[in-house]
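Okay, so here's the structure we're looking at.
Each chain carries a letter (A, B and C) given by its place in the written order, and its residues are counted from 1.
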Amino acid sequence: MKANYLKPAIVAVFALFAALLPYITGNIYYLHVATIIGVYWVLIATLNLLVGFTGQLSVGHVGLLAIGAYAFCLLAGSQGWNPFLALLTGGVICAVIGLLLGLPSLRLPGFYFAMATLAFGLIVAELALAEQWLTNGSVGMAAPSFPAPFDTPWGFYWLVLGIAAFVTWLTWNLSRFMWGRAMVALRDSTVAASSVAIPIYLTKLVVFVFSGFTAGIAGGLYATSQSYITPDAFIVNLGIYFFVAIIIGGRGVIIGPFIGAAVLAAIPELVGPLAKYGTFFYGVILLIVVLVIPGGFGELIDRVAEKLHRREQAATRIEPDLAQLRTAIGRRA
Amino acid sequence: MSGTLEARGVIKRFGGLVAVDNVSLELRPGEVHGLIGPNGSGKTTLLNLISGYYPIDGGHIVLGGADITRKPVRERARAGVARTFQTPKLVLSLPVLDNAMLGGWPDVRSGFLETALSAPRTRREEAELRERAAAMLRGVGLGRVMDRRADLLEHTAQRFLEIARALTLRPKFVLLDEPAGGLTVAEIDHLGAIIGVMRDAGIGVLLVEHHTDFVFRVCDRVTALNLGRMIAHGSAQHVRNDPDVIRVYLGA
Amino acid sequence: MLLVIISGLALGGLYGMTALVYNVMYSTSKVLSFGTGQFAMVGGICAAWVVLDLHWPVWIGLIACLLAGAVFGWLSELIAVRRIVAASDEHLWVLSTLALATMVQEAMSLVWGTDPTPFPRVFPQEFAGVLDQKFWLPLLLSIAMAIGLQVFYRHSMTGKLFIAMSEDTFAARARGVSTDWMRAQSYILAGVLGALSGFAAGQLTFADFALGTALGLSGFIALAVGGIGSSVGALVGGAILGTLTALTTYYFGAQYQKTIAIGLLILLLVVRPQGLFGTTQVRQV
C-alpha cells in the first residue's frame, strides 16, 4: 500500500521543484535548457502515446514541429495575431496535417508508416527551404515572444511549464482509462483488440491527430524559445532524438520518456563537446536499449519493483465462484 | 428464426484447398453447440468465418435475422458475438483486470477528449467497468490474480481470462476455440460449470473441442465436420452414435 | 529533354538497385532495413576516399568499396538483426536498423565531413551529354544486377536456399540449413550490391554522408511501387520514380522532388497495397 502514496509524493515534490526552479537556480542558461526540455516534452508526451502505447513508429514529428513553429511565427509575427491564438491555430493546423498524413499511411504496416513519416519530415524540411515567399528560406524568421508576464525568461519558463503540465495530465488520463487500454491492446495484439470491437485504424488516427496538435503547440513554443528559426533547426536528427527519448524511457509508461527526454536534452547542452556527437550517441543508445532492454528503463524498473514486491507465488488455482458469475452475467437474450 | 447466430452454406477456400465446404450451422440462445472433427476438418476456420477473421468465399453469416457476412470483426463483436482463441490472444503487458476490462470497450461512451479531460462520465464508466470485470474474474476463478500482468499467468489461467474478457463484452453468443486444451481434470470440470452458467443465462455457446467426452457431456447439440464438410449434426446423443462420426473420428 | 529522361532513368537505376538490396535482405530475414540506403553511401565515400585522398587507382577504390559494403552488411546482420529476428517483433527491427543507420550516418559525417564531394571518373571520358558514363553506369548495372540475382536465385545452391528460407524459415532450419549463416550471407551480399550501386552512381550523387537516408526512402518507394520480392518490379519501380523525379525537377525545380515521390508512394499503396508486381498481400491483421 505504501506505493500508493509514494507516486503522488514524488510527483508533488517534482512539481514543486519545477515550479520554483527559477528561484533555485539564478543561471539563465540552465533555465533556458529547462524550458527547452519542457517544450520538447509537450511534443514527446503525446508522441509517446503514439509510439509507446499505440506502437506506431512516427519518425517525422519533427516536420509537425517545424510547421507549428513557422505557423506561429507567421501568424503572431507578420500577421500580428495574438500569440496565444497563433499558438492554438498552429496546433490546429498540425492536427489537420496529421489527419491528412495519417489517413493513408496508418492503414499500412509499421515500416511503411515509419517511412511515410520520415518522408514527411524530409518534405517539410525541403519546402521550408524552398518556399521563400512563406518561410524566408534559409534566412529564417524571427519568432515573436509572448505578452507580459510571459516575456521574460522566467515568465516564459512558467508558461511552458504550465502547458507541459497540462499536456502531461491529458496524456496520463488517456493512458489510465479505457482509451489507453485500447491503444496498448492494438499494439500488442490486433486480433485481441478487434475481438473486443476496438476500431484499430480509427484509434491510431485519433492518437496521431492529437499528437499532431501538441506537436504544433510545441513548435510555437520552440520558436519563441529559440527567438529565431531556420530550416536547419528541424533536421531529421531531432526526430531521432524524440524517438530515442521515448524508447529508452520505456514504451507504455509516462514518466520514463520524461526522464529520457530530460537527460538526452540536458547532456549535450551542459557538456558542450558532446553536442557534436549527440546524434551518434542517440543511435548507440537506441541500439543498446533495443537489444538489451526492449521495454526501456521504465519497464526494467517495473520488473525489478515487481520482483521485490512479489510474495511467494503459488500456481494459480482456478476456483470459480458460480453464484457470482451468474449475477455478473445477468440474464441475456 | 430470429435471435440465432447462423452460418448458411458457408464456403472457404485456401488456394486450391476447400477448407470449409457448404457448412450450415445454427446456434440458438441458451444452448451449447459442439463442433467436432479431426485435425484439419475446418472447425477453427468455421469459427474464424463466423467471427469475421477470414473473408468468406460463399454463403452467409446471419445474426438475429440480419446478414453480417460482410461486417468486420469489431462490428460482430459489438453486435454480441464474443470469442476465445486456441492460443490465447491477450494483451500480455497489461494486468489481468485490464485485460478483462477490455471486453467492456463497446459500452464505453466517453470520447477521446472526454477521457483526456477525465470527465465525470469517464470516471464513472471506468468504475463501473472495473467492477463488472472484477466480478467476472472472480466468477471464473481468477479473483486472486487480478493485479498480475497477463504474461505472468499460466497458460490454463490465460484461457479462463479470455472467457472472462469475452463475458465482460456482455455477449449474446460466445465461440470457444478448444478451451479445454491443456487443462487438468479439475479445471475441465470448472470449465464445464462455467459453460453451464453461460447457457443458463441465455448465452449461445459454440464449443470447438477435441476432448469428445467433454463435448458430449456439456453440449445440447453437436455438429461433426470432416475435410471441411458436415458429416453429422443433431443432438449429442444422435451424433455420438452416428456411424460416420464413429468411423472418421471417434474410432471403433 | 532526352538528357532529363536519361538522367531520370540513371537515378531510377540507383533506386532500383537499392530496392534489389532491400529484397536480398528481406528474403532471408523478413526485415526491411532502415540502413539499406547507407550501403551505397558507405561504398561511395569509401571509394572516393581511396581514389581522391589516397590517390590510388580506381580499381582499388572499387575493391575497397565492395569490402566495406561486405563488412557493413555482415555487421548489420550480426548487430541489428540476428537477435531481433528471433523475437519476430516488427517494432524492434525497425528500431534496431534505424539506430544502426543513424550511427553509421553520423559516424560518416564526423569522419568524412558534411559536404558532398565529387566522385572520380571510373573510365576516362572527355565529353559530356547523354552518353556520359555517369548515366549509363547505374542504369546498365541495375539491369545486370537484377539478371544476376535471378540467375543466382535459380541456379546456385545458396540462392536456392535464400528462396527456401523466404518461403519457410522453420522448414529450412528443420532440414539442417544454418539459417543464421544464410541470413548473414544474404546481408553480406546486400552490402556488396549496395556498395556497388553507390560506386556506380557516385558520379551522379557525389560522395555525400546524407545520401543514405534519402536513398533508403527512394529505394523503398521503388520497392513498394514494384512490389516486395520482385526484381522486375524493383527496376520498374525505380525507373518510374527516377523519371518522375527528373521530370518534376525539370519542370518545377528540385524542391518538389520528395513531395512528388511520397505522393506517388501513398497514392499507389492506397490503390494497390501489394505493389505493381507483388503477389503477397500486405499483412493487415
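FYI, contacts are C-beta pairs under 8 Å (C-beta built on N, C-alpha and C of every residue); 3 or more make two chains touch, one makes a residue touch a chain.
Bear in mind that the values here come from a model prediction, so they are computed numbers and not experimental data.
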{"item": "Maximum centroid distance from subunit A, chain identifier (CA atoms)", "value": "B"}
{"item": "Most centrally placed chain - per-chain CA mean versus overall CA mean", "value": "A"}
{"item": "Distance from subunit B to subunit A - Cα centre to Cα centre, in angstrom", "value": "38"}
{"item": "Chain centre separation in whole Å, for subunit C relative to subunit A (CA means)", "value": "32"}
{"item": "Distance from subunit C to subunit B - Cα centre to Cα centre, in angstrom", "value": "47"}
{"item": "Touching two or more other chains - residues of subunit C", "value": "285"}
{"item": "Overlap residues in subunit A, where contacts from two or more other chains coincide", "value": "191, 194"}
{"item": "For subunit B, residues that touch 2 or more chains besides their own", "value": "53"}
{"item": "Residues of subunit A touching subunit B in the complex", "value": "169-171, 173-174, 177-179, 181-182, 184-185, 188-189, 191-200, 206, 210, 252, 306, 315-322, 324-333"}
{"item": "Touch list for subunit C against partner subunit A, complex", "value": "32, 34, 79-80, 83-84, 87, 89-92, 94-96, 98-103, 106-107, 110, 213-214, 217, 220-221, 224, 253, 255-259, 261-262, 265-266, 269-270, 273, 282-283, 285"}
{"item": "Footprint of subunit A on subunit B - complex, ascending", "value": "3, 29-30, 51, 53, 72-75, 77-78, 82-83, 85, 89-94, 98, 101-106, 108, 110, 112, 115-118, 122, 125-126, 129, 132, 135-136, 138-145, 149, 153-154, 156-157, 160, 165-167, 169-172, 187, 190, 193-194, 197-198, 200-204"}
{"item": "Parts of subunit A lying in touch with subunit C, wherever the complex brings them together", "value": "55, 57, 59, 104-105, 107-112, 114-116, 118-120, 122-123, 126-127, 129-131, 187, 190-191, 194, 236-237, 240, 243, 247, 276-277, 279-280, 282-284, 286-287, 290-291, 294"}
